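In what follows, chain A forms one complex with chain B and a second complex with chain C.
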Partner chain A sequence: MMKRVFLAVIATFAIPVSVSAISAEDVVKKLEKNTVINTAWTDGYLIIHDRFGTKKTTFISHSKGADTMLIEFTSAEEEGMKILRTSNEIYLYYPDAEELIRMQGAALKESVLGSDMSYEDMTGDKSLLQSYRVNLEGIKEVDGAPCYKVSLEAKSSDVPYYKEIMWIDKELFMYRQVHKFSRSGKLLKEISIDDIRQVSGKNIPFHMVLKDALKKNSSTEFFINDIKINLHLDPDIFSLEELTW
Partner chain B sequence: MKLASIAARNIMRNKRRSILSITAIALAAMSIVFLFSFLEGMKNDLTGNLHTYYTGEIRVRHSDYGKYEYFNPLHLRIENYTEIIKEIERNDSIKTVSPRIHFPAGIYRNAEIYRAIGMGVDFQLEKTYQDIESHIIKGRLPEAGKKETILGVDLAREIGVTTGDKITILATTMRRGSNAVTLRITGIASFPVEAFNKKYLLVPLDRAQKLLRMGDSVTEIIMKLKKGASSFKVAGQLNTAFHAAGREELEIKSWKEIPSSYSFIETASSMYNFIALFFFILASSVIINTTMMVIHERKREIGTIGAMGMTGGEIVRLFFIETVFLSTAGSLIGVILGIGITLPFSVAGIQFGKAMEGVSMEISNSIYPALNLKSTALVFVYSLCMASLATLLPSIKAARVKPVEALRNI
Partner chain C sequence: MLNAEMSTSIKLTLLNTLARMDEDYWSLSGLGTGRLTFKAVKNKNVKAQLSLDAQVADTAIFDISRALIKVRFPGFRATLGKARVSWGEGFFYNAGDVIFGASALSLDMTAEELRDDAAWLTSVFVPLGTYSFLETILLAPELSLSELTDNTDVLPPHISDTQAGGRVVTRIHGIKTEGGYLYGGIEAAHKPYLSFQGHLLVDWHLSASVSIPTESPDVSVLRESLHLSWGIYHMQDLLHGTSLFFRLEGLFIPDASWSEKNSSTEDVEYALMLYPEISWSVNDSLSLILRNIVSPVDLSALITAGINWNIYEGLKVLSFMTVQAGETTDIYGWNKPGGIGVTAGFQFTY
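So, the complex of A and B:
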């Protein structure tokens, strides 16, 4: 699920639609249509706040479709590190490591570079409607923008979060806020998006804040400096062979 | 002298009863000798392990490191550590110094990530600090600057690797980034401490600094002192020196100020003194019982010697001397037996093996009981005094026997 948000930050299609009567399924379909991309190139950075201070990490990413993405970190601390996400697999590349590290099992729960995002948040290739039962709970304002409040409950246990509540912008069909819960109802993560801009006719979130509710004094901000969408990308850049070069 | 002869004769009059009393004292003394020796061995082992693997005799850290230790605060580090070591080595009481970096690590092997604890060390310094070469059971030590590592024997077994294999380790860098490096395993080590065998991998300090992007810094410097030097005094001297040099961020502590299992053992030691006391009271109850029986059986005799002019004080002394003879024999035999049992274990050690699995104490798998003054001479004196004092009460009772009443039964 977080992957979708993260991909949405990197490149998102957003088609403003006015609706007067709409079902939860329709809202989610329009949201997904908005967040599924063909190709995108993004230059951005993360600001990670924790108990010890603030850290900035810069990155460049390439993405293709809903489940393929390559992130290359460019800041000095992580220079050369890459994350490749290919259809439900996540690989890490480090310049000093002679092998690619495939993240799976419990390792997916680990934080990405000490941020509030886990590797697990980048996984999942099913659509929301395949994984969750959805319910429209009305229209609420978030930061002055009318949003559909949609609750999602997992159909099976193969999703990272059992329950989610999304506030989806009524006009832009982009998340304004997301709360993610465990099966016991404990709040695990919070996402808020406050800067959505149009790029080539698409609505792109340029600033997102993610909070891991289980961490004290911690939050991660995602910023986009520049984004290009629907450009030609060599398919090889998403291959494991290319990753090690 | 006359009383002593009578006492000795009385002891020999009922050999079975005397042997029973001596055996009770001997068993108690033997058990306590072994218990105290075991405890002393445990303390020696724990002290050695703390000094070598955990706290040193003195430890230098960033003053805030302990507060956030749970969060792996590598940024709370000792910068320019080589300069700090030079300053430390100016103190005449310092024997050896070991700069270290502790970090949580993930070992990636066959698509699995195994949790481990990494330790960056200067292997040249560790040769003198902990005689690290003696722990290598296969292969050799890593070389500085090379992508090499040694693993604890149990960790290597769990991962299924041996010397010559390569592993990739993942770690969180000083500024909470992520990094990984592939290392060749040059050696497998068997440390005395179970935790080190199960969880630790040791890498050259410079490689750890590069992996964690820590520059010329370490998380701690620990040191051992020359014999007789006080860790409190030397820690105080170093504190004064570093604070005068403007390094207020450094926290320099004697190992006795650092929470560890040692305080637990010290508490246990006091408790064992009570256990020893309890043992002797149990053994003494046999003597009290025996003496009371003797007094009851020899009532007529007591009456006779009383009628012949022996005073109450002399009767008390007579029975007391009898018990002292029994206690001396019992204590001596017990201590000798205790030494006899302890000695082989003090050489071969007592193996705990799997019993220590999951125990988080800084204690070794093998404990070598150590005989010392407390576990031998003091136990002898202790058991002698306890057993002798225990008979005072029945002896006084014997002195109160009136000759007329005692002789009435004739």
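So, the complex of A and C:
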């Protein structure tokens, strides 16, 4: 009998103990360790939904670390259009016009190809812990998976979103859901991930839905067809030369 | 196998246009334009493109707008053929564009890109780091095949008609900086230019160029040929995910005319021209656009207002109304042919 009571007490305190056993900083560090990939080649597509229907855009991307990426769109309407994102710059290249555009200031708020993602969403060279104060708010289930609920509040104004709440899978250390807010507390973006697969020891989201909360009847789905990680990439691939090739 | 390495795309624009040609005559006509593009895409070190343009009415006029091969060698790459080249900064006015001119040549104010000119060129592109490169260019005059075949006395272009030059693009203290030079063979002129692009509250760009005759150059020619262009661009988020985009560009030619002239009897170049544009992105598929070319000296303007509706994947519904505001002697005039016009149709890319 005493043994049962003891087990019940242990069980009662199990969740709080497990929450306090890991700090918000540790959760975010483990998340970044999983999500930041040395190098990757990705073949994927976007499906943009709005009130008039859907639009599919295919792409191939090369990425290095958390802040360096070259995306080339391959679908007919956007074919050859490229985006180069480096630690502190975003450039666009339109092949028909042979035009090289540096995205700055307000232009970063523009939507990428009419999707729910803005160029600003691609920026940010610092780690989350450098940019945000983090707080662990408990454990919640998202789609049946136990997740750490972590709130983030900006330390300075140089981030696109003042506040974020992340639901981070306890086992996989990958977002299941993210809500992004303005300084006034208005919900701006929602991200949800429902297909996480392990590739070369990393948990990779193969399907993600991004919603711009300010738009009605709009969402963008990101699908990965194929991904190769930790492959050798020529550093020159992330340059204006490659962008304009 | 070869087909698998080629991508094909077609952009078809079909429009009906209602236009007033004079007080008693209104025109209603249909015109289609198409661009068929073949691209070689799979070869890592060689790219090629052939684009055929057609204007289709009762008959068709064909043009080859792009025909180029790009080859990547260790340390540099070369482009040969009829290709687009974009020097300087500016959506409509760009004094740094010493190749095609400071004003966009396109009269189609409904086009997504107002600068789409291509030239027969040989260029070498040398990367100088992540954000910097050097480009040299040789613009050999295009052969007029029709004249050569029709008339045996016609000679191919003289070597002195060639244009050649180069540019360096880099980033200095966060400002995209571009400097270049073109020798203009037909005009026998040296054309240096500088362009800058940055962000300070709004996105901005600034370009300047001069054209110095090779024979008997004089200091005064610097002022006479100086072209300055500038532009600002800003986007303002509005409620419910809508956005307003503002663009204002200007072309300043200090030595051009500051007083009104009769544009119906002489070529007129005024000291100041403006290009204001406002577009309202109602959502990601629907935009309302107001584009104007304003001549402050004679107080005339070309005003284009329209709708660009990306209704289905690849399909756009285009509808524009163009009005020329001004007198008959102004650059733009209500009584000029096309003083008012309405254009509507579809554009489909597949």
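Structural remarks
The rule is simple: the second predicted complex is superposed on the first by the 223 of 245 C-alpha atoms of A that agree within 3 Å, B and C clash if a C-alpha of one lies under 4 Å from a C-alpha of the other, contacts with A are read in each partner's own complex, and residues count from 1 in each chain.
We take it that a contact is a pair of C-beta atoms (placed from the backbone, for glycine too) under 8 Å apart; a residue touches a chain by one contact, two chains touch by 3 or more.
These numbers were taken from a predicted model, which means no experiment stands behind them.
Per the definitions stated earlier, placing chain B and chain C onto a shared chain A by superposition produces a clash between them.
In the superposition on chain A, A:I48 makes contact with both chain B and chain C.
Of the two partner chains, chain B and chain C are each touched by A:E98.
Annotation for chain A, partner touching more residues between chain B and chain C: C. With both structures placed on the common chain, the touch criterion links A:S218 to chain C but leaves chain B unconnected. With both structures placed on the common chain, the touch criterion links A:G114 to chain B and to chain C. Once chain A of one complex is fitted onto chain A of the other, the partner contacts of A:S200 are absent, as it touches neither chain B nor chain C. In the superposed model, A:M81 makes contact with chain B only, not with chain C.
When both complexes are aligned on chain A, the segment of chain C among 24-32, 60-68, 132-140 or 186-194 whose C-alpha atoms clash with chain B is 24-32. Where the contact sets of chain A with chain B and with chain C meet, they give residues 48, 50-52, 55, 77, 94, 96-99, 102, 104-107, 114. Chain contact summary for the complex, chain A toward chain B: residues 48, 50-52, 55, 57, 77-78, 81, 92, 94, 96-99, 101-102, 104-107, 112-114.
The touching residues of chain B, when paired with chain A in their complex, are 68, 71, 73, 75, 106, 108, 111-113, 147, 166, 168, 170, 172-173, 175-182, 210-211, 213. Listing the residues of chain C that touch chain A in their complex gives 7, 9, 39, 47, 70, 72, 77, 83-86, 113, 115-116, 125, 127, 129-133, 169, 176, 197-199, 201-203, 233-237, 239-241, 243, 283-285, 310-314, 349-350. Residues 48, 50-56, 76-77, 79-80, 86, 89, 94, 96-100, 102, 104-107, 109-111, 114-115, 212, 214-216, 218, 236, 238-241, 244-245 of chain A are the ones touching chain C in the complex.
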